[in-house]
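Sharing a structure with you now.
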Amino acid sequence: MMFPFLKIAVSNLFSKPSTENFPAENVEAKPNYRGRISYDAEKCINCGSCIKVCSPSAITRIYEDVEGGQNITYEFDLTSCTFCATCQDFCDQGAIQLTTDYHMVAEDPKDLVVRGTRFKKKIPGKLQVSDACIHCGICAKNCPQEAITVDRKAKTWEVDHSKCVQCGKCIEKCPKNALEFGESGPEGVLWDEEKCIYCSICAKKCPNECISVDRKEKSWEINRDNCVQCGICVEKCPKDALQIGTLE
Amino acid sequence: MFNKLIAKSTGKSPWIFHVNTGSCNGCDIELVAALTPRYDAERFGFKLAGTPRHADIVVVSGPITSQSKDRLIRTLEQVPEPKCVVTLGSCPQSGNVFKGSYSVEAPLEKFVHVDVAIAGCTPKPEAVIEGLYKAAEILQRKREAMKK
Amino acid sequence: MMTFLTLLFKILVFPGFLFVTVIGLLLAGIDRKVLARMQKRVGPPIVQPVYDFFKLMGKETIIPSAANKAAFLTAPVVGLVSLVVLMLFIPVFSYSAFSGSADMIVVLYLLTIPGVALIVGGSASGSPYAGIGISREMVAMMAYELPLVMVLLSVAKKAGGDSLCFSLQDIVAWQAANGCGAFHWSLIPAALAMLLVIPAEVGTQPFDVAEAETEICEGPLIEYSGAPLAVFKLNTALKMFVMTALFTALFFGGIDTGIVALNALILVAICVVLTILCMTTVHAVTARLKVEHLFKFYWTTVAGLAAASLVLVWIGL
């Protein structure tokens, strides 16, 4: 009868056991281990790509209307997550990272949810002037985009809405408090027909596939219902032909 | 006098029975790996029992398939008190990628109260040991509450 | 009155219930710890079997509806009682609680009772897995009883000279006069055979075909839970001590320091060494034997060793 392990067994008796001293000392997982999700709400642009690619549907998005805007909360349910890191791969902004933390044990499954909230300010309406204006021209001097033109003699006040970025400096500087932003209307993507070259990069990059571009027909269409105003098309357009603003 | 000794011993010698209700076997491999020399769960007294009648902690893995649901409930009823139910991985908690399927009946909370949830797909053996350790503490508390 | 009290002391404390229980649980713990170290891991603390016993005492006892309640509950207790009585007959070197002229025969019969208790308990469970388990236990018992009887006969013949000496006390006295049994070369095959019989009696791997087996969901013990299971696990631990003490009495019985306490300590030390040698080492390096291989092994190799010793002793060497 052969006993091949006898020598090993006896020599193991006199050597140190190879057990890691786990709960007493913490053991780190190796780098690139896909553990607990960490979500940075500040980097998130609410494109929703992660929700689309998550195969166990572990990510939910909750909208909550508050004064001045909306609270957008993303919840990552770790009891449903399969830790594939596809959401991390698809997030351009780097808002989702899978850390090396593997200590995910809880008595109540509600403790195993990672969430983050971002406050999205509503885009204010168009800049408008009231009758209190004395045409002093301070607003025009302080506008960083030089969007305002004031003529003291002709007593006119004009603003070029395409240049205005709604920074609010003119409202601060006006001595008569004559300036304010109007009612904010529905937001969406505004398309500048003159600048557009129909390259269709915006259509390819849109995570919800809202944009359809036809190069031959030279047409550009957007499905406003699916658009979440994430801003990826605005960023990727090579001709700056798109911007997010109040729709007419 | 013996009650204190028995309660202390209950926390120091928890025997595990493992039920696989349709799992992909990833979590099962990590559970058995926790008993290998590198992670050695046996230092805390954990031992795999062969029958549910000998077990204290029942570890369930796998989304509860319709075919295994009745058998699982019957097995859980055979475990003597005090007992703890531990879910291993994300399948028994929510069905993971099998959610919404016609033959999957996760979450386990619908059928029996789950004491400890170990999340991960699959959890690392160290996380498994952490979860089982917590379950052993809960078991000791249950035993102390039983005899009051 | 005094004799009654000393009798009670012998039965309950030394070498009766308390002594056997404590040392048996210690041996079981040492077995598990040394096994773990051989497998290069830390292992449970040595008092782990004590924790196991008390935990099982605190669990709920569930009796299946198909079970025979009386046999189910009394089987483990019968096994425990027979093991405690057995220890009373085995001499701790020069000190023996009960002795008679034929106590080796009593020991032989008492040794079968724990196995039969397991069989009765298993068949009273009413489970088919238990049925498979008890048939395997019966085969295992038949397998190791033959070499055991031949070993006992050879030692009896050696100690008795012309006639057979069945009294364990007398065998120990003969060894004190003529040197320990293990130093007579004709008894060495018998000692080896006994070392191989011990793991099968106790039911530890690689011969645990009947008991705690994951193939048939723990065999005869499948429906047990709570206090009866605790007693069965205690029986296994006690058997370790009883078998190694019997081996010591038969083959190392000549040592005597005169003080009973010191004798007991030396007995415990020898039992620890024997446990590690014949139970833990074999457990660590082998896999479980199938039932037919076990039968063949015991009736050819081990019985051959014992028969060799028997023949050598009978022709006068």
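By letter and in written order, the chains are A, B and C; residue numbering begins at 1 in each of them.
By our rule, contacts are C-beta pairs under 8 Å (C-beta built on N, C-alpha and C of every residue); 3 or more make two chains touch, one makes a residue touch a chain.
Quick caveat: nothing in here was measured; it's all calculated off a predicted structure.
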Pairwise touch network: line, ring, star, complete, or other: complete
Contact-richer chain pair (by C-beta pairs counted) among A-C and A-B: A-B
Chain closest to the middle [Cα centroid of all protein chains]: B
Whole-Å gap separating chain B and chain C, where each centre is the average of the chain's CA atoms: 35
Mean-CA-position distance for chain C and chain A (Å): 73
Centre-of-Cα separation between chain B and chain A, whole angstrom: 40
Residues of chain B whose C-beta touches two or more other chains: 37-38, 40, 43
Multi-partner residues of chain C (at least 2 other chains): 36, 39-43
Per-residue overlap in chain A, given as positions that touch at least 2 other chains: 17-19
Residues on chain A engaged by chain B in the complex (per definition of touch): 17-20, 22-23, 27, 29, 33, 35, 55-58, 77-83, 102-109, 112
Chain C-touching residues of chain B, taken from the complex the two chains share: 2, 5-10, 12-14, 36-38, 40, 42-45, 48-51, 53-54, 56, 78, 80-82, 143
Touch list for chain B against partner chain A, complex: 37-40, 43, 90, 93-97, 99, 109, 114-121, 123-124, 126-127, 129-131, 133-134, 138
Complex contact set, residues of chain C against chain B: 36, 39-45, 48, 50-55, 57-62, 212-214, 217-218, 221-226, 229
Sites on chain C touched by chain A in the complex: 34, 36-43, 281, 284-286
